[in-house]
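Would you mind keeping the following structure in view while I ask a few things?
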Amino acid sequence: MTDNKKGSWLTVALLTPTSMWFLFMLVMPMIVVVIFSFGERSAVGGYVASFTFDQYANLPARLKAFTNTLTFAPIGTFLSLIIAYPLAYYLAVKVDRRWRLLLLVLVIVPFWTSLLIRTYAWIFILGGRGIPTLLEFIGLEGIRMINTPFAVYVGIVYGYLPLMVFPIYVSLEKLDKNLLEASNDLGGTPWRTFMQVTLPLSMPGVATGCMLVFILLMGEFLIPAFLGGGKIFFLGNALVDLFVQSRNWPFGSALAVTLVIIMVVTVSLYMRLTLGGKNGRDQSLM
Amino acid sequence: MSKSYKDNMPITAKKFMEEFRRYEKGSVSRRHFMGVTGLGTAAAVLGSAMPSMMPKSAKAGSLGDRLIFSTWPNYHNPVNVENFTNDTGVNIQINAFGSNEEMLAKLQAGATGWDVFVPTNYTISNYVDLDLIQELDLSRIPNHDPSSQNPMFADPATVNGKVYAVLKNWGTTGIVYNSKNLKNGPTSWKDFFDLTMGEGSGHTIVHDYQLTTIGAALCANGHSFNSVDAGELEMAEKLLIESKPHLFAITSDYQPGMRSGDAWMSICWNGDGLQLNKDLPEMKYTLASDGGEIWSDFYCIPKDAPHVDAAYAFINYLLDPKVQVLEFESHGYATGDTRVEALLPAETADNEILFPAAKLMNGLEFGAANTLTDPIRAEVIARFKSA
Amino acid sequence: MEHNPSQLAQASKVDVPDIQFVGVTKRFGNVAAVDNVDLSVESGAFFSFLGPSGCGKTTSLRMIAGFEQPTEGNVYINGQSVVGIPPHKRHVNMVFQQYALFPHMDVADNIGYGLRQRAPRPSKSEIAKRVDETLELVRLEGYGNRRVWEMSGGQQQRVALARALINHPTVLLLDEPLAALDRKLRREMQIELQTLQRDVGITFVLVTHDQEEALSMSDQICIMNEGRIVQTGSPRDLYDDPVSRYVADFVGKSNFFEGDVVDVNAGSYSIKSATGQVFSGFGSKGAPALVKGGKASIAVRPELLSIGSADGGNIDADVKILGQIKNRIFLGEHTEYLVECEGLGEVLVLSPKHIENIRGTFEPGASVTLGWMNDIALALGD
Amino acid sequence: MRLYSIAVYLFLYIPIGIIVLFSFNSGRHASDFQGLSTMWYGKALSNPFVMESLVTSLIIAFAAATLSSLTGTAAALALQRMRGPMRVLFDGLIYISITIPGIVIGITTLVALVTAFDIVNPILADMWPEGVKPPKLSLGYASVIAAHTLFTMSLVIVLVRARIAGMDRALIEASTDLYATPWRTFYQITLPQIFPAIMAGFLLSFTFSFDDFIISFFVAGPNTTLPIYVFSSIRRGITPEVNAIGTIVLAFSLILLVTAQFLLRARNERK
């Protein structure tokens, strides 16, 4: 009995810092934001206590931000997936063992310089002096890339590719190469082998990668701001705008609450669909 | 030459590990370890590269050792800041901001820790009303000479008879366009929007905050730059949303777009116009005949500034005419201080971008205080951006 | 039942068993993994728990090690109750099923681990010396600096053994230690373990589901089923005198002819099978007596069956039955026949080589006579 | 397949190449290449604001990574032995703190802290004796570190818990069986076993915090982190200085990686 008692005290002690963090940095802030979302903007900006649903009623004024986010996030996730998958497959299955680690590290190295600076480099590449100038040499004039949805997708794929490559690589790497040989041996064409053996076995990695990218894209702010030229607005941009320009805290709070609800609902649904419930959660998030 | 290159290295890898082991085991002092491995040198080099890291206790006087300064990017000459630190021992931390709204948002959120910041004319009375800035004790700024200041630009510093700010410099907001792409450049905001939706479709930049962008649309419709009339703003919003598909970007960072040739036209501050024109002569800066903004920027001390003494000393230092000349060379905006103008080369006075002809200036308006906080303007710009 | 082993221990040190369970029950939730078990393991014995998975053998072992505490009853090590005493305070050591070698330590550090936990801690040189001795004992001289994952399965097994033996525990516990090895290596290790146990003289307690392993190594085997002890005894006792059909089935192979007990006569029973034939067999020593009218089986070991031609003339047997050969497997030193006997089911027969040589073999499909002597047949309850 | 991979690597490295190339630009504007020069490195390195923001970022990232490694590991160890409704509650909180976008963490923290300060500061002022300047809570290092730690701590919990789940429980039993007390078992067996996960968590947390812009933007108070500095420089005309900073940070990370590799190898050779 004393052992158990000691154990539970230890558990409490170990959990105290984390609990404090969740309480003061997550639960209480969320409560405050929910309260604020029912308030009103004061004449000079900020918050005035009130109880009104006006902020929620005004959400349609940001409809475009919602629809943008909810189109760009899934499409961007999908694009990252189809570009990342062959690379992950190549690294895990095809490439010589000696080079594997180096090539993997090379996938992350770009991440060690600021996302801001890297995204900014794309402004140049996609800008008038970049690819469009090259295209002029081959006779394609007047192509504009920067500040278009195309540029935003390029930024998304560029920014999130490694997050997609890694989990897929991990699940493919664990895959028993004998299985592939067995399938080929049993008369499977390479394509059928891929569809019937490789792809199903790499699904956990695919699911993890997609979720990571999707979560981050839902709150994305920098890529649309930089590569969309401020014209393509995500919810993240709308939120920043409300807090640092309009200083409309209640409306911003309402938007934040809505975004959190959308996130939690879509991600839970997604996990239920792809991972079949609770047990997959830890693996799926990492 | 026969010697291995390794002999010239401060320490070999093997030696380093040996020393590290000894250090770990405690048989070597930290000083010895740092000396042998060259880490000491590295730290010293690093330290000298980071003057702010090394507390200058010898110099740190009554002003304390730090100051937090919020301003606009590329708006100061780093040499000046460095010199001030060397002279006084006050290390300066600079925060850069892109709009007055953002500065206000920060100050409203409180706890900025700022000691000095740089607001634009029309915001000062708001700050006073919100009790966010303190009245200045001009006796502590001997370099400030009211008689040398152009009152047109310096006046917003005084609210209800009290001085809350001192003038930094002034400028105009007009249009920059690429004369190679647009042979008949715009002369008004109406032209600006017509060209945007016509000949120059897909190549225009407007700013990402309310005052100038909404102001331009208001002027194009024949209204005041500063209007807060709901009907007029509705028309302006309509014009902006109509033009949005034709825009190249909505950003205050318009120089790269203009320089790359992607953008042909932009709302522009004259200092940037000057910089662009200097590098690329086809870039023309013009003021619009149907209105626009004239503005001046100031130094202010927030109410809860933690280092007030240093703040005064810093402002005073920056107002030294010789220091101001260096500042001018860096940012390219006119100071509105006759003492400084006297020190500048003669041709500066003839520069039309710096000092526009009086007839062009007549149509310009100073930003109005209420535009900063007006909820309709705030929501109009937000809706436009997220449309 | 209630007696106090520690008092006994004081009375005569020699008679104290190394391990003793008194009325031990272990429940997980509502399930009793170990159900009211009494047993004792004599000092210096090679003792095995044998049974299918889930029979409670591993739980018993873990209660000795201290990883589990009994829900009821008492566990004694060396006459001292160890209930409530955590594993690190018990002088027993375990060889884990997958060895549980510490992957971040080399072989020598793994083996010396237990010594390093002692207070006072032996000197570095003392530990190194003992590690070297133990490496020698398990025939791994010079492997001290290897990483454990560089070792083969058999070598890892020895490291695990050495890591436990170096502490000279009162009892060495082995949890299915050979399960991860291939067949040939397992055979070698069985012999090696046996030799080692005799050399070091430490009591070994082994858990296994492999009857061959238990039979070949142990002095004493405890057969468990559903948390209870079914029978404890030497391998020979268990083979020759199983107390139940369960034991006979688990230890070696056996043929069973089911039926009703029709006659009881001084330790001998007559059992009437479904075909109407009456077989007789002796009751096993230590088994509860069978009751007339109850169900029972006659058990006959396959190697004790004779096989002959359908006319039955050339075999010497008290009981004969007829059948047809379904399958034949040649196993070298003997041939295994599977014979379908109508109404009695399939019967397994092992026919030794020397007899086959004389008589010749039977082809599948051939009709044969099977026979046995009454004195080798056992009458067993379930 | 190989060609495809080369194309993807090109895609990943062209922007990096551009950043490095432009950092040697002698012109005043990043995208106006006027000739080779290292002057912007000199400018960046001697610019006290760049250096201060770099130091600020390093301090914040180091503090957040250390805190989250410690608290996250502690929590993962505790949660592993926990069942029932409390476990479900903590799982939910971890899940939410990982799921909600950084931007929302930034905003909610800002709103909540500002509100809290508005309540607490007057009380503090009242409590303090006359004439003594009362302490005043405000946004700063603590608030950024705390906000970063919320996310990174959950990251560490998830990583360490996965490692614990994948760990052979028999190792712990083997250790206690070999006379190690629970505490000694923890630091001789459990800790070395979960250490790679803690390290990975530390590095991920450090990277996240060091590169985070949006949370710091809202709650850094008077502190300028490197991303905030870069962001504000970018917004009003980027100079090659920013490229030089990017290149320096990249080079610094590479040196760290190589050093770590070298030290690891040295350790293995000793073994």
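Note that the chains take the letters A, B, C and D in the order they are written out, and that residue 1 is the start of every chain.
As a convention for this text, a residue touches a chain if its C-beta (ideal position, glycine included) is under 8 Å from a C-beta of that chain, and two chains touch if they have at least 3 such contacts.
Keep in mind it's a predicted model, so treat the numbers as computed, not measured.
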Interface ranked first by C-beta contact pairs: A-D
Whole-Å separation of chain centres (CA-atom averages), chain C against chain D: 57
Computed distance of Cα centres, chain C from chain B, in Å: 86
Euclidean distance of C-alpha centroids - chain A vs chain D, Å: 17
Numbers and ranges of chain D residues touching at least 2 other chains: 30-31, 110, 234, 238
Chain B residues counted as touching two or more neighbouring chains: 251, 256, 260
Chain A residues counted as touching two or more neighbouring chains: 124, 127, 129, 243
In contact (per the touch rule at the top): chain pairs: A-B, A-D, B-D, C-D
List of chain D residues in touch with chain C within their complex: 168, 170-171, 173-182, 184-185, 188-189, 192-193, 271
Residue ranges of chain D touching chain A (in the complex, touch as defined): 1-2, 4-5, 8-9, 11-16, 18-19, 22, 30-31, 70-72, 74-75, 77-79, 81-82, 90-91, 93, 95-104, 107-113, 115, 146-147, 149-150, 153, 157-159, 161-162, 165, 207, 211, 213-214, 217-218, 226-227, 230-231, 234, 238, 242-243, 245-247, 249-250, 253-254, 257
Residues of chain D that touch chain B when the two form their complex: 28-32, 43, 45-49, 51-52, 55, 110, 114, 117-118, 136-140, 221-224, 228-229, 232-239, 262, 266
Contact set on chain B toward chain D in their complex: 13, 17, 49-53, 68, 72-74, 78, 81-82, 85, 91-98, 109-114, 251-253, 255-256, 259-260, 272, 275, 279, 304
Complex contact set, residues of chain A against chain B: 41, 43-46, 61-62, 64-65, 123-124, 127-130, 144, 146-147, 229-231, 233, 237-238, 241-248
